[in-house]
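Shared between the two complexes below is chain A, which pairs with chain B and chain C, respectively.
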Partner chain A sequence: MSDQYSASLVSLVTRYFDDHNYRYEFDREKGVLTAQFNIENKFKGYTQIITFDKLTYTVFSFLKEKTEERWRSEVVEFLTRANYGLKFGCFGMDLSDGEIYIKASVDCDNRIPSTAVLQTSLDIGDKLLLDYGNALWSVMRGLASPEDACSAAEKR
Partner chain B sequence: MAKNFSPQLMKSISGYMDSHSIHYTTDSEKGLLRAAFRLDCKLKEYKLIVDLYNCYYIVYCTLNISADEGCRHQAAEFLIRANRKMGLGNFELDMRDGEIRIKYTVDCEDCPPSEGVISSSLTLGDAYLERFGDALLSVLFGFATPEAAIAACSK
Partner chain C sequence: MEETLMRDPLLLRRLEESIRFVDEKIKAAENDKRPFVLALCGSFSSGKTSMVNALLEEKLSLPTGNFPITKVITRIRWADRTGIRLENPARGISRELTLAEAQKAARTELSEQELGGTCLCIETDAPFLRRDLVLVDTPGFDDDVDKKLDAVTIREIKQADLCLLMFNAAKFGTRDERSFLKEMNDMTNGWFMPVLNCMNLVNTEDSENELMRRAALLFRDCGNEQLGYGRFFPVCTLPGYTDMNGLDAWLEKTIREQSLYLRHVMPLQHAQYEMKKIADDAADVQTRIWTLLAGLKQQSDQETERKKKQARGDLEPIRQACTRMQAELQNAVIPAVCSQFSKLSATDFPAETQRLLRNAVLPFSDLAQKKIGGDVTPSLRRRMEGELAVFAVHEPVRHVRKRGFLEALVSPLPYEVTYNNFAEAAAVAVKSKLLPKLNRALSDYAADVETREKKAARREIAAAADTGEIALWEEYLEQLSGQLLTLSDSRQKVLKLLRSYS
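Let's look at the complex of A and B:
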């Protein structure tokens, strides 16, 4: 096992997944947990990847669909508008290939996070994709302006 | 109406600031702590606001400079690129008025923050602004593209 991450944090997260009957894979060398989740919106599902450090863990929720190059500027604006004022987590995009993700990091500082903290961090991707997913989907196809789409998502 | 927030969180964070001789003000109606910090980069300084709630607190580091309308999209692209390189927290840009800030939320539900967690939350703005600040300015003034400015940060 790698000594680059906290075994206690991994154990906490995998136990949570086991308790909820979530299927996952864990790469012991890299300290990376991967799982697939379905979601009831236009995107249908996402890939959750959790990376572990010695004192922190980060939950990424990656969309399976990437942004075409011609719509990336609009998607940047949409994600910027969506990020402003979020309490937990943030949207991000890899501008080299259009991949979109949601990220939430937790600093544990050698302590084990509570179940409530763990659950919030694991649920952020789902929550933000339910809140903003369909609006984002429209912007990724040029069907709505970033401003209108974000505003509509936040009024729901 | 007064905001509902945890007095214990206020005490922990103000205690940390006291022990590090950080000058700050508190607003006990709104559950806010405010401070100002100097930076070793062209941005010179930023304002820190800790927004307290019952089970979490949010640290905002707000710049004294905002993105003009003419460069707001370039600023947004730069910040999306910068966010990919950040561990804790992220940059935010208000597209309405160009305000730029770093945001970091500490979830404390059933888990009071350690001194290390408080320390990280209050100092990450400093680290990120010293890393990305000059490059951000070069984008805001139209001296570099977002892509080139981020590449310069990595070097």
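Let's look at the complex of A and C:
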């Protein structure tokens, strides 16, 4: 087992997955947990990747669809507008290939994350994609302006 | 009273065992050719062996009572001829025994060794066994005083697909059946059927009614979860008076209809149940360790902070003592020495001044060393000696003047010899050249002491921060978490298999 991550943190997260009968794969060498989730919106699903280190874990929810180059500036504007009002978690985009992700990090130094914290951090991708997913989908295809799409998503 | 948290190796071992148990269950679920295993269990003299005889329609006629063969695990399977074999597939042992040899083996090697997979197998051509079925006759729960057999029996029950839990009707209600039933539910994942045997021993109709009422109540509360609460079979297996009361038909139907489920899905569900139970226990311990570690780390941080404050406090007196000694040197020692220069004669002045300075400064250096702190290398005294050694006091300058004629008449000497103000010059040199050097020596000495104290404080702070207790708990937590991760792998395997079956 690698010394780069805390096994107790990993076991805490895997237990949450096990208790909910979620399927996942954990790479013991790299300390990376991967799971696939379906979602009831236009994206249909996303890939959740959780990275661990000694004191923190970071949850990434990657969309399976990447942004076309011509709509990237609009999508970036949409993501910035969406990020502005978020309390926990954030959207991000890899500008080199247009890959979009949602990221949330939890610091567990000297304290065990409660079930609520664990649930919030692991469900953040689901929650944000349910709130902003359809609007983002429209912006990724140039069907709506970032401003309109974001305000419509936030009004819901 | 609050339970004390321990770095309990038993929990790690339990986890290991659970992982092994789950692996066995996975193998059992994946094995399509595995026969259906029906285990008979119950307390001593509850009619297990007579039930075997009844199920096999007296084909085998195993002697009942305290018969040595069935005091160990006995497997009964179908073959076209009757015989007894001693088997251990793992060790490649398979040898035929006569009844007398089997009795001897049951009394000696099988009862003494750990029963590491070795068991007696009885083969017979009873029709009941034709459907690829293996009957496992277990020893009674109270048969062995040292409970060695109990562990083996429990393992067999856990590995069986279905259990018949035998009760002696004559003794029913005389033991703690409720906790026993709860334990059976845990061991079999709810797949057992209570059987009230020896109904022939219940004499009157009233006692029978009362017995049935009590049994119905008990099994409704603590009966099996999977086969319907409250269900049980009152039977009589006395040879010649056998009344199975529908149990044989129910067994045939259940095995026929539920075989796939019991052989493939149930072991996995059982494994899931076991894993959930042990994972919850371990997670509870894990949470408590985490909380304990948080407390220990906080305590360690506080201790470190206290040590740091203490270290800062420890250095202050050193600085103050150094400043005080510098002022003392400035105000007392050197001026006093300087004032004595004027009393010295011009002859041997440098040597005398050196002596005066040494007498004044060296005892002072010892005093300063004592007041600032302990001895350090190089010591203050040696440094000051060095400074004194290189401090050169100029010799008095002599002025010679030839006397005039009239003066010569008054004075017997023809030359007049005068000296410069050598004492004052020496005092100025001491103040301007020697004093700053001595002060620097004092500061350097104080700085040395401070550095040494800081090092000691750092060591103390490090000791306060790194308590062995934290390291030990962290190591245990990592071991526990490692096992839990392996268990999670098994849980994923089970989940995958269950999905494939559904």
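In this text, the second predicted complex is superposed on the first by the 155 of 156 C-alpha atoms of A that agree within 3 Å, B and C clash if a C-alpha of one lies under 4 Å from a C-alpha of the other, contacts with A are read in each partner's own complex, and residues count from 1 in each chain.
Here is the rule we use: a residue touches a chain if its C-beta (ideal position, glycine included) is under 8 Å from a C-beta of that chain, and two chains touch if they have at least 3 such contacts.
Please read these numbers as outputs of a predicted model, since none were measured by experiment.
Contact comparison for chain A: of chain B and chain C, B touches the greater number of residues. Looking at the shared chain after the overlay, A:56 reaches chain B, while chain C stays out of its contact range.
Of the two partner chains placed by superposition, only chain B is touched by A:94; chain C is not.
Of the two partner chains placed by the overlay, only chain C lies in contact with A:11; chain B stays clear of it. Of the two partner chains, both chain B and chain C are touched by A:111.
The interface of chain A with chain B overlaps its interface with chain C at residues 110-111. Per the touch definition, chain A reaches chain B in the complex via residues 55-56, 58, 73, 76-77, 79-81, 83-88, 90, 92-95, 103, 105-111, 113-117, 120-121, 147.
Those residues of chain A whose C-beta lies close enough to touch chain C in the complex are 1, 6-8, 10-12, 14-15, 17-19, 21, 23-26, 28, 110-112.
The touching residues of chain C, when paired with chain A in their complex, are 275-276, 279, 283, 286-287, 290-291, 293-294, 297-298, 477-478, 480-482, 484-485, 488-489, 491-492, 495-496. Within the complex, the chain B residues that touch chain A are 55-56, 58, 73, 76-77, 79-81, 83-84, 87-90, 92-95, 103, 105-111, 114, 116-117, 120-121, 147.
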